[in-house]
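Quick notes on the structure that follows.
Which chain is which? They are A, B and C, in the order written, and residues in each are numbered from 1.
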Amino acid sequence: MAFSELAYKALQDILGSENISNDPAICQAYSRVQWLPSGVLQRERCGLNMRPACVVMPGCTEDVQRILQVANRYKFPFVPRGSGFTFSAFPTQAGTVVIDPKRMDRIIELNEKDMYAVIEPYVSFVGLQAEAMKCGLYTPTPLAGSQVSCLANYAWHGAYGNSWITGIGAQNLLGFELVLPDGEVVRSGSMACPGAGSFWNDGPGPDLRGFLRSGMFGHAGGMGVVTKISCKLWPYAGPAEFPCEGTANMKFSSSLGENWKWFMIKFPFAYPEEEELELRKSAELFYEMGKAEIAEVATHLAQQFLYTYSSVTKQDLFDNMKNNVFPSGFCVVALQGKTSPEQLAYEERVLRDIVKKVGGIFVAEDEPAYQVWIKRAANEWIRFGNAQRLSRSSDCFSIGSSNVDSIDQIVYEILESNRLGRDLLKDEGLGKDFVQPLSINGGWISPQEHGYWCLHTTDVFPEQAVDQCNQAMEIIGRVTKSMFARKSAAAAIHMIGPAYDFFGPMMGDVHLIVKGLKREFDPRNLSNPGYASRPDVVSPEELAKMMGGH
Amino acid sequence: MAESLQTVQELSGKVADIAGSGRVFTAGDMLDKYAANAGCSRTVRPDIVAQVSTREQVQALVRLANEQGVPVVPRSSATGFYGGSVPEQGGIVIDMSGMKKILRIDPKNRWALIEPGVTYGELQAGLAEKGLTAILPLAPHPDKSVITSCLEREPKLTPKHHLDETIMTMELVLPTGGFFHTGSMAVSQEPPEKVQEEAHTDLCNFMGPGLDWFRLVPGSLGTYGIVTAMNMKIGIKPILQKLVFFGFKSLKEAVEPWYYLLRKLIGDECLLLNSRYLALLLAQDDGDIEKLQAALPPYTILLNLAAGDYRPEEKIAYLEKAVQDAARIFQLQPMEALPHAQDGAAALQGILSKPWDNGAGYWKWRGRGASREVFFLTQLQRAPEFLSELQAAAAAQGYPLADMGLYLQPKQNGRAFYMEAGFPFSSGAPSEQARADAVHAAASSRLVDTGAFFYRVYGPWTELVYGRTGNLQKTLQRIKRTLDPQNILNPGKLGL
Amino acid sequence: MAIEKIEYDATHCQRCSTCKWSHLWEVKSHRFARNCPSLVYGKFDTYAAQGKNDIVTGLLKGELTWEDSKDRLLEIIYRCPVCAACDVSCKRVMDLDIIGVLDALREEACEKGHGPLPAHREFIQSIMNYDNVWKQPRNRRAGWAKKLDIKDLARAGETADVLYYVGCTYAYKPGMETVPVNTAKLLKAAGIDFGILGAKEICCGGIADNVGDKKSFEEIARKNLDMFKATGAKTIVTNCPGCFMAFSEKYARMLKIDTAALPYTVKHSTQFIAELLQAGKLKFTKPLDMTVTWHDPCHLGRRGEPYRHWEGKRVKFGLTEPPREMNRGVSGIYEAPRAILKAIPGLRLVEMERIKEYSWCCGSGGGAKSAYPDFALATAKERVEEAEATGAGSIVTACPWCESNLSDGIDASGSRLRVEDILDLAVRAL
């Protein structure tokens, strides 16, 4: 449906002419997602339909309500977004309005005693982090980088450098305020109760976070617009502020002070020939650390992350690969002395006991791997997640496989996806033009909440060319097909958008439940229609084809 | 279309076909037993009670209920406290408290997969031999089902962040009668204990699919689905433990030191009890309660220092030093024993590690027989304010303040605190019950007005809370409408 | 099309929004976490580097045309001080030539005849007519130097080691003549053999290049190069960072050589004075009881890096062949002015949050002040607020455009801050 002039005028009356634009030049900046192969292909497929009919900038919740009321009156679709990074933050059909929250950028409250903050959609992690650190607290920092919207990340998906402690985005969200697709506001948690403050999440009664979010992802704006959240902050024993070391200290990242200690641990196995042994030993390390309840960071980084995140320039990245700085994956552990120096010392002794027990070896400080990772990237892993440096190698990347389950199952999934990736490369040449060996040597193990569960992603690094992006999608499709064939837990998390129709029947007809909720709350299908269970981007038939008729 | 059954007898016949004839009740004391809960006044008899023993029976009953348009009320515990399993609109109570299988224990990934009727005592027994422990609330009733406790969001004794939400995957019977597996259990439709035989999963992803059921179902009082199996996080039994106590004359005095202890992550299990509640827990006999209460500090923080396999003595040593540092900063006197409570520390270690097992009844009812509790969440810095409200409400009704119990439980390292006030009364005295009910009502109303967060919504709190939360109840209703188009599951609860 | 040369850079923007925030390492508060004046003022993403990348991509792919939206395109392109804060932030994670994209868009606008804007054309025409941007008579250019007995290197036979180049604004703007006067005092005090071009000095031409008029720029630049050669001076010292950047970076770029290969060395006055202090040729003895904060001018700092010429192409994965060393703001001039301030007895330097190559632009560069005075003023007010937050009584800088715009910002804010030129302070401390 074309976006009507009447609708535009109504929005203009609400927001003021300076906060709305349908100028093609303005709208062009909201039309492109390039870092993902699926984004590239989405662009190819949807073309100019990805350019919104107009962009609106609400300044408060009431503005958002009115925008959505106008949307319902004139029946135009809208897409809410945070910083607009991820592939779901873009229109997929003509006549869509993008809601840019840039004017809603307040940290409304930062409660040092009760360790939470209340924020609006355009507050970035980096701003919140700076304020939190002043109070002896800190936020998790997403791998996408702290320049992204904290609210959007928690409502959508986020994994963090310190997930060993914090869990993922879902675990960091407290209460929220949501403008439903019809323009009504609902608040959850203590935020819903007058005078109760915003410190808590569940209830009253059922926890509406269960409605807002799902699995790895949220509904990508398919159930309305989140206009406020409260979120967790975590005890932090590092510097409140960091000196400006600019001139862009390209080699070393600021120390987190004497209450933090970093370690890298390796295992004496040949890589990639003995990859399985290395991963299983890493798993054993994390299981023991979980039982001992030590550490602030515990993760296994594969070459993919090690090279990209520690790189200073693209040439540096490729030089490091050429020089085999990271001949394998490594486990990275950080200890934080939150209780006392004695606690830090104790945890180090225990870590050494565990490493010895599982047959690990501490990487010496003068080894290239330590110098490059710990000195350059480790502290950034905590402070702000390294930003989009994952793209650095080929200016594009995609998650090739992902899983959430136990540490052992994550190791299993990594091995399967690496094996499959290598087979596809060898037998069919899929990915031959990608950055190798980065694209077949995945192995990010991210244990969560002291190892009670675990997350991984392995990525592929094509260039931003349609044929390579198609190859990337083919690889992803084959991996997904393999997950279902193997009945891997990984299959349970790939539920977003068109995947619902295809996979839903295998999972208790969940697609019908989600579609039912979508119909209930958004009967006109106006709230990000492409991403809440409607197959507008990839049809079930195409998905079936990708899955090889599985 | 299924034949519509007009009489309870006809319906109970169909129910008996599913549950077995000796397991279905339509009259008498049995219905009275399911009409009431210990902690609430309201009684509503169901029409039929079905005691089931398999998940298939649960599913079949829900399907029958959908065919007939009859309400179904799930119940997992042999005892109920706040009316969650008391019907609002009659119907069939499905009693799963007899489903007592511990289906699987995974020591490596630290979870246990259990059926709805498994109690904490049964679970602890199953875990103990493996050196494991359930993540316990405070001295739960021996008949309390673990799953009920998780679904009701009873606070855990440990404030550790990662042990606050303990639910992992679940099998649900949806209101429309289908089985539904949540989280990584979703990759197989086999019965929960068989899922891992055919699928590559360790049941450790609790999120999705479609919705985060592990958040939506708890607190829903069985209105969104019936849990027929759940795996939840468990812990490792400590090798070494030591209880430390801090006594305070007022709650206000405890606030800053406690913030400090929690921010510094000192210790494991951590709670505050007033002298009444502590005496109820500790007294050897009911007759000792008053004397013990008079000897104990008005408010006591119990802090358990615990260590596992790795250098346990060293861990206890650094924790003790941290306690000493805290004591110095706040001029506290940490105690390793409690006045007039012989072996109090050892006794409390026992109490904190298992369900209540000191004789008949329940510790909160000792000396009286029954109790009303008001509980909510708060920020610690507001707890003294809410305590004043509770005391004022009690005093206004002539309730003896010395009888009032108080329990504060930090959650997630002190991000929030569960606060509970107990008002015991003599179960055989209608006037005392009436007074306790009046205190409960007055305190609840006052607390909601002043911003206490009633996160669990039972009975009279439904209107009190949802009357102030804008569109929240309406949103829950809309979700309910989608999941349960015929409004079969526990209708009326939460006003849904 | 000018934008074809930066096609890779624009089309490979990841849309990560790193360009919109101060370097993540350096953010010290939520309040002062932003880095892009264009975006803060314009709000829509289009005004950020990411938006401009999308504009380029749109123009290249034919999704967007000048006809669609000419006025808005010009606003997007020119309501930007081209301060390169976006470029520095982006390069933290990627290897894209963001400043090249901004420059190319301006060049494209001029190529198509849509740019530069009328206010810019005025400047350029003034240069052509009067050899300065202020439409002032040539013979008044060296008015500040009267009675100062400074060598006139434009005279035949006159030579010196150092050519002191004053620049249009310091030469002509009322109130700013103290800067060249004080510079001359400092050079004399240090015993430096220097001279000026006097009335023969002409505009550096930087402004023409800034707005995309490469042709006019080249014409002016070549005149200057001939004049410099004629003086025989090996070192050019200038106060104006715009001129500094022109001589150091833009001229080298035009000639397609490295800055190091230019026939002269160019230094900003703060660099030169700092070296003199270091060598003991200058000494500050009079204390100044002041608390000041230093504002890093963009063209001195992140845009003041030497130019490294590169001709090559992007190959697989976006690597460059031959390998290209990109400027990342690292080697701008940050320490020299701070060394001067720290050498002044009694003076206390307190830093703002956004400093060095993460500095918040004053808002006047790139032709923004002349074409979009409201934008420039708003940007300056942001900086004034940041300066006030330090508790300093003065904001010190070394750029006539910064000084002018910050003064306007102070007046508009009602702030009690004073703007000081660093060399004025230096002379007071001599």
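The working rule: a contact is a pair of C-beta atoms (placed from the backbone, for glycine too) under 8 Å apart; a residue touches a chain by one contact, two chains touch by 3 or more.
As the structure is a computational prediction, the values presented were derived from the model and not from experiment.
J.: Name the chain with the Cα centroid closest to the overall protein Cα centroid.
T.: Chain A is the most central one.
J.: So which chain is the furthest away from subunit A, centre to centre on CA atoms?
T.: With centres defined by C-alpha atoms, farthest from subunit A sits C.
J.: Centroid from C-alpha atoms only, then distance subunit A to subunit C, rounded to Å. What do you get?
T.: Measuring from centre to centre gives 38 Å for this pair.
J.: Distance from the CA centroid of subunit A to that of subunit B, rounded to the nearest Å?
T.: Distance between chain centres, rounded to whole Å: 33 Å.
J.: Measuring from the mean C-alpha position of subunit B to the mean C-alpha position of subunit C, what distance in angstrom results?
T.: Distance between chain centres, rounded to whole Å: 66 Å.
J.: Spell out the part of subunit A that touches subunit B in their complex, as residue ranges.
T.: Listed in rising order, the residues are 111, 113-116, 136, 165-167, 170-171, 180, 184-190, 192-197, 199-200, 202-211, 213-216, 232, 235, 287, 290-294, 338-340, 342-343, 345-346, 349-350, 353-354, 403-409, 412-413, 449-450, 452-454, 486-489, 491-493, 495, 500, 504, 506-511, 513-514, 516-517, 519-521.
J.: Please give the residue numbers of subunit B that touch subunit A in the complex, ascending.
T.: 108-111, 153, 160-162, 165, 168, 174, 178-181, 183-189, 198-221, 224, 233, 236, 259, 263-266, 308-311, 314-315, 317-319, 321-322, 325, 377, 379-381, 412-416, 448-457, 465-466, 468-476, 478-479, 481-483, 494
J.: Write out the stretch or stretches of subunit C touching subunit A in their complex.
T.: It is residues 11-18, 20-30, 33, 43-46, 48, 50-51, 54-55, 57-58, 63-64, 68-69, 72-73, 76, 88, 92-96, 316-320, 323, 326, 328-332, 334, 351, 355-358 of subunit C that touch subunit A.
J.: Looking at the complex, which residues from subunit A come into contact with subunit C?
T.: Interface residues on subunit A, with respect to subunit C: 18-19, 21, 23-26, 28-35, 48, 51, 55, 57, 83-85, 100, 102-103, 107, 123-124, 126-131, 144-148, 241-242, 244-250, 253-254, 313-315, 318, 380, 383-384, 386-389, 391-396, 433, 435, 463-464.
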